[in-house]
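Single-structure report; data block below.
Chain naming follows the written order as A, B, C, D, E and F, and within any one chain the residues start at number 1.
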Amino acid sequence: MKLVVINPNSTQSMTDKIIASARAAAGDHVEVIGRTAHGAPASIEGHFDEVMSAAHLMREVQQAEASAADAIVVACFDDPSIGACREIATGPVLGICEAACKAASMIATSFTVVTTLPRSVPIIEDLVRKYGLDHQCRRVRSAEIPVLALEEPGSNARQQIRDEILRAIDEDKCEAVVLGCAGMSDLTEWLSRETGIPVIDGVTVATKFAEALVGAGLKTSKIGAYAVPNKK
Amino acid sequence: MKLVVINPNSTQSMTDKIIASARAAAGDHVEVIGRTAHGAPASIEGHFDEVMSAAHLMREVQQAEASAADAIVVACFDDPSIGACREIATGPVLGICEAACKAASMIATSFTVVTTLPRSVPIIEDLVRKYGLDHQCRRVRSAEIPVLALEEPGSNARQQIRDEILRAIDEDKCEAVVLGCAGMSDLTEWLSRETGIPVIDGVTVATKFAEALVGAGLKTSKIGAYAVPNKK
Amino acid sequence: MKLVVINPNSTQSMTDKIIASARAAAGDHVEVIGRTAHGAPASIEGHFDEVMSAAHLMREVQQAEASAADAIVVACFDDPSIGACREIATGPVLGICEAACKAASMIATSFTVVTTLPRSVPIIEDLVRKYGLDHQCRRVRSAEIPVLALEEPGSNARQQIRDEILRAIDEDKCEAVVLGCAGMSDLTEWLSRETGIPVIDGVTVATKFAEALVGAGLKTSKIGAYAVPNKK
Amino acid sequence: MKLVVINPNSTQSMTDKIIASARAAAGDHVEVIGRTAHGAPASIEGHFDEVMSAAHLMREVQQAEASAADAIVVACFDDPSIGACREIATGPVLGICEAACKAASMIATSFTVVTTLPRSVPIIEDLVRKYGLDHQCRRVRSAEIPVLALEEPGSNARQQIRDEILRAIDEDKCEAVVLGCAGMSDLTEWLSRETGIPVIDGVTVATKFAEALVGAGLKTSKIGAYAVPNKK
Amino acid sequence: MKLVVINPNSTQSMTDKIIASARAAAGDHVEVIGRTAHGAPASIEGHFDEVMSAAHLMREVQQAEASAADAIVVACFDDPSIGACREIATGPVLGICEAACKAASMIATSFTVVTTLPRSVPIIEDLVRKYGLDHQCRRVRSAEIPVLALEEPGSNARQQIRDEILRAIDEDKCEAVVLGCAGMSDLTEWLSRETGIPVIDGVTVATKFAEALVGAGLKTSKIGAYAVPNKK
Amino acid sequence: MKLVVINPNSTQSMTDKIIASARAAAGDHVEVIGRTAHGAPASIEGHFDEVMSAAHLMREVQQAEASAADAIVVACFDDPSIGACREIATGPVLGICEAACKAASMIATSFTVVTTLPRSVPIIEDLVRKYGLDHQCRRVRSAEIPVLALEEPGSNARQQIRDEILRAIDEDKCEAVVLGCAGMSDLTEWLSRETGIPVIDGVTVATKFAEALVGAGLKTSKIGAYAVPNKK
């Protein structure tokens, strides 16, 4: 199967990291194709960045569709424009927040999300509520790190994230932690080892869930809100 | 005060209708400035159209902000990209779905929304739930009319909408009806007379609520999710 | 238009303060008429006080109705007997808790309410849940001040409220604050300046929303729960 | 123990019926004292009637308290002013809607409420949601009967109620039915026989739950919202 | 009436304590019959223990039914297998979590549950949400005590529980406390005296509610989910 | 990887069907091992059957664990005893209701569940609410078929299910259908073709999700409610 993983921001190093995670997770029969939303903001930190990346994301989804992709992963934790992607895609489209939180709900009774900046906290809280998981989400926490700090070799971002997870375990009594940014994908194993709790990366899980839905023969429903866009 | 009312689709006749409603509602001290999102789709029917209008909408909001607008109304019932608009605006930004449903909840214990196409129903249901009004919203109904049919002089769209409202009163036992499309704005009075129930037009109410918030000295909060977008 | 603002307790100095706020907020075309519920308790601190003021409040609403009021504001944060007021009024009836919380939800993703006494906290939590805004309300806090302390010139009530707001910003990460008592109305501007966060006064907002609903041509729905009381 | 059962309307024949039900249900050791809220409306049909009976209800509760009542039942299905009653009572105070719906939730996974007039439907829906039982309440139905029709010997009210219950079983697939008016109390057994479903009368259940709470040594909590009213 | 109170674990000393509480609470006309689920785990600490006691619990319910029990109480705070018990019982079946939380909601606007082990916290949170009382439950707390420590004469379990209740009053601002384990039943009075807050024991309340439902003539509904199990 | 799929009832022909579906769905690297809960009831129709199968299910899970299973699927739509299974398993444990409904929520904005008997409807409604998906589940419908009718060659069960799905599309406006019984697994493709809507089989999806979670390196969290059972 052909899986297109789209980084909806324009930072290539982040795409590289994301694709590495997706490839590491994907089965042998899965061709993982990475795409960067060139022209989009360098990072998505809030609603405005989301909107400014949206048309670029659509273009990538349309190209994925033209190339007969079996499924699509949108690798930004704000799950930007997922409904629109689903309208133009035939196969399943997975957002990494939805995938990670639903995975968490299958292996733990509660989870905490650890994200980058405080301004993303209400956006993620809103998503979690939209997905109906607010009763299992103990808290959405920010490690107070700009997204691109995750790309800087010398930053102590990983330590800050680890410390925030340790606080989450202690204060929230959560049973799992969801990493609230695609750019944290490469830290998953290290964080899991350091903290002794299941740490869930949305890129990895969305890749596997995309595989799963395709393997189950499921496509996006086309008889309602996700029907092909009306011709204008 | 200066109020900018933006039609996020590119159909000028719809803007005209919307601005006429806004001007009719606005107080004497309010300068209503209409804007059309040129370049956007001709109508917004679903998530994809929403996304394809978003950057055009942002441009209009930025211009409104540059011209020192005191408040902004986004005149599409899907409340597209409202969070992003709030990040770049200083004053209040009102979506017409949020305004109309919250107004309904102040004059009735329950309401039904009557919109155009079936594909918009789940989008509006989602918005109503996001605003916490699902317990007061009896139902979201579609009159099975394409948005642009509302612009065609000879169409029987208004009759269809009236009939759907009558069914809503009978079947849903709703106490008010919210019109689920900016393009229905000019029908409000006629529909109210024909059906004998409060019929609520989002353009009118959003205009008045924008005036109200400005008059109350309130601006969009800038210390959290609606802070000015981060510089890239 | 004629707007009647009713203080449902019997403390005239509180009425004076409330009416000053309403007048300062109201548009030029609005005649604001203040009424005190003489015979009611001196302050409303809990369910019992609410009940003991109810018949007096009804009398004032009936007089407002007799004098052809276009809209009514009930200026007590417990939103006492609003349903009953709506049954006997033709125009819109606004409670200040509902108005303030709905305004907060239009300019911020979250808010905290700061009220007077601890015993009012569960009452306000109940109202917030009834209005469907519990997911946006971070917390209802008490500044541990009796209502009438707000009327004493020498009290340090305003400092206590400011400090509670500062704690709310720090601990709740709220994006706006709603003042949980009509008697705090005169402090709004000062508190807003001192704390740097939108501080929302229900009297002001309810006045503006009443104007807005009347301006939008909306009246209380009379086909259901708010129908004119049955003759006995 | 001494149980005071208060009819918050002024119709003596309704009090008689209510007290007969309470006495039939109460244990041998329970002295049931009936009280009528003389001065209140003849029936409670909506928010306004509720409010107009409130002060009369308070007077009866205060007398009950003065006479060392162990518990109080307020026999109107709108559960009027229960919070205020709890502030002035030492022992438990039961509303019949709360009691009946909570009883229903203990013997069935779902129930439907059958009440008198359509205007009471939204009030009861609100109560059911307040008690957290909306997920178990299939529907609130009106049999389209004025409250006092239940007092008229020749009326066919009982047949209408039976028919509405039969429709509820068929259409709502409910497992139990709650009678939504104190005045239906005497019909409980007949309706249960005629329909073959558990039919729950709030007067009976509230009487038994009051006994239960007193027997369990529980009194109304006095450290929060139900504390004794503040002295004025 | 005949009330069968079943301890679904196999610890006889716990049954003795439970039955003592039930007998102390039950009316003179109630014959309380205690049963121990011999063969079940010695205590129920988590889902697995629950499951391993289930068949033993069923056997006891079947025997109760065979002996014409009028009602059944299942005395474990996890409310194990209540749905199954209701299928095979004719009369009401009460779980002690449901009974205690619903009683709390009748005498207080909020409550906190204090249970034994941390692993039971999410199970109880789930139950509270299932019963629709999450908005009234401030928190579920663990006193970090194994269930059987409650049976050891020398343990300081009761002090730990008291201290946890005091913390709950201080931090949660709860108005009542529910004891989250049948084995705490004998401590109720002492804890109530020590903490000055209504302390609610599920065994006591379930006993009284069982009496109440039987006294109200109510039986488990047999037309839906609680119908007699299908023959195989 | 080794995946153990357990049929918690004792009907071998149903296990065969389930395992055929799981094998058809599973990747090449997955060894699917089928297990029947010998000693359990022949079908699970309600809470009692669930309980009577529970200990047998536990035995199978313990054997799976002993044989180093990487993941477990419990193939009954009531998701029986999943919490207990998770306590004793190291790897992920999937119930088919949870898996199917969460899959539906990824490819459609709404779904309807079509199950066998009416008595299972409230059980499934409860599960859907527990998983936080009640706002996406349009309705749980019964095709009025006993579970074992699905095993009878000559029955017209498949036609009845198809007809119920067609009614769901028409009346519920659902965008996908979830099959509410493991025994319907072999009908998935036929039903999907006949109805033109995504039809989701829990056995297939749970198999793929189990693979996905294992592939993502996730195991059941052992620091909270799913910790290994306490030794007795």
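Just so it is clear, a contact is a pair of C-beta atoms (placed from the backbone, for glycine too) under 8 Å apart; a residue touches a chain by one contact, two chains touch by 3 or more.
For reference, the UniProt names are A, B, C, D, E, F = Hydantoin racemase.
Just so you know, these numbers come straight off a predicted model, no measurement behind them.
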Chains in simultaneous contact with chain B (Hydantoin racemase) and chain C (Hydantoin racemase): A, D
Those chains which touch chain D (Hydantoin racemase) and also touch chain C (Hydantoin racemase): B, E
Relative to chain D (Hydantoin racemase), chain with the most remote C-alpha centre: A
Same or different residue numbers at the chain A (Hydantoin racemase)/chain B (Hydantoin racemase) copy interface, by half rule: same
Mean-CA-position distance for chain E (Hydantoin racemase) and chain D (Hydantoin racemase) (Å): 27
Mean-CA-position distance for chain F (Hydantoin racemase) and chain D (Hydantoin racemase) (Å): 42
Chain centre separation (chain E (Hydantoin racemase), chain F (Hydantoin racemase); CA means) in Å: 31
Euclidean distance of C-alpha centroids - chain A (Hydantoin racemase) vs chain D (Hydantoin racemase), Å: 51
Multi-partner residues of chain E (Hydantoin racemase) (each touching 2 or more other chains): 86, 109-110, 118, 121-122, 126, 129, 134-135, 173, 175, 224-226
Arrangement of touching chains [line / ring / star / complete / other]: other
Pairs of chains in contact (touch as defined earlier), listed by label: A-B, A-C, A-E, A-F, B-C, B-D, B-F, C-D, C-E, D-E, D-F, E-F
Touching residues on chain F (Hydantoin racemase), where the partner in the complex is chain A (Hydantoin racemase): 25, 27-29, 86, 92, 94, 98, 102-103, 105-110, 131-136, 169, 173-176, 188-189, 196-198, 200-201, 204-205, 207-209, 211-213, 215-221, 223-226
Residue ranges of chain B (Hydantoin racemase) in contact with chain D (Hydantoin racemase) within the complex: 109-110, 135, 173, 175
For the chain C (Hydantoin racemase) and chain D (Hydantoin racemase) complex, residues of the former touching the latter: 41-43, 45-52, 54-55, 58, 81, 83-84, 86-88, 117-119, 121-123, 126, 129-130, 146, 224-227, 229-230, 232
Residues of chain D (Hydantoin racemase) touching chain B (Hydantoin racemase) in the complex: 118, 121-122, 126, 129, 134
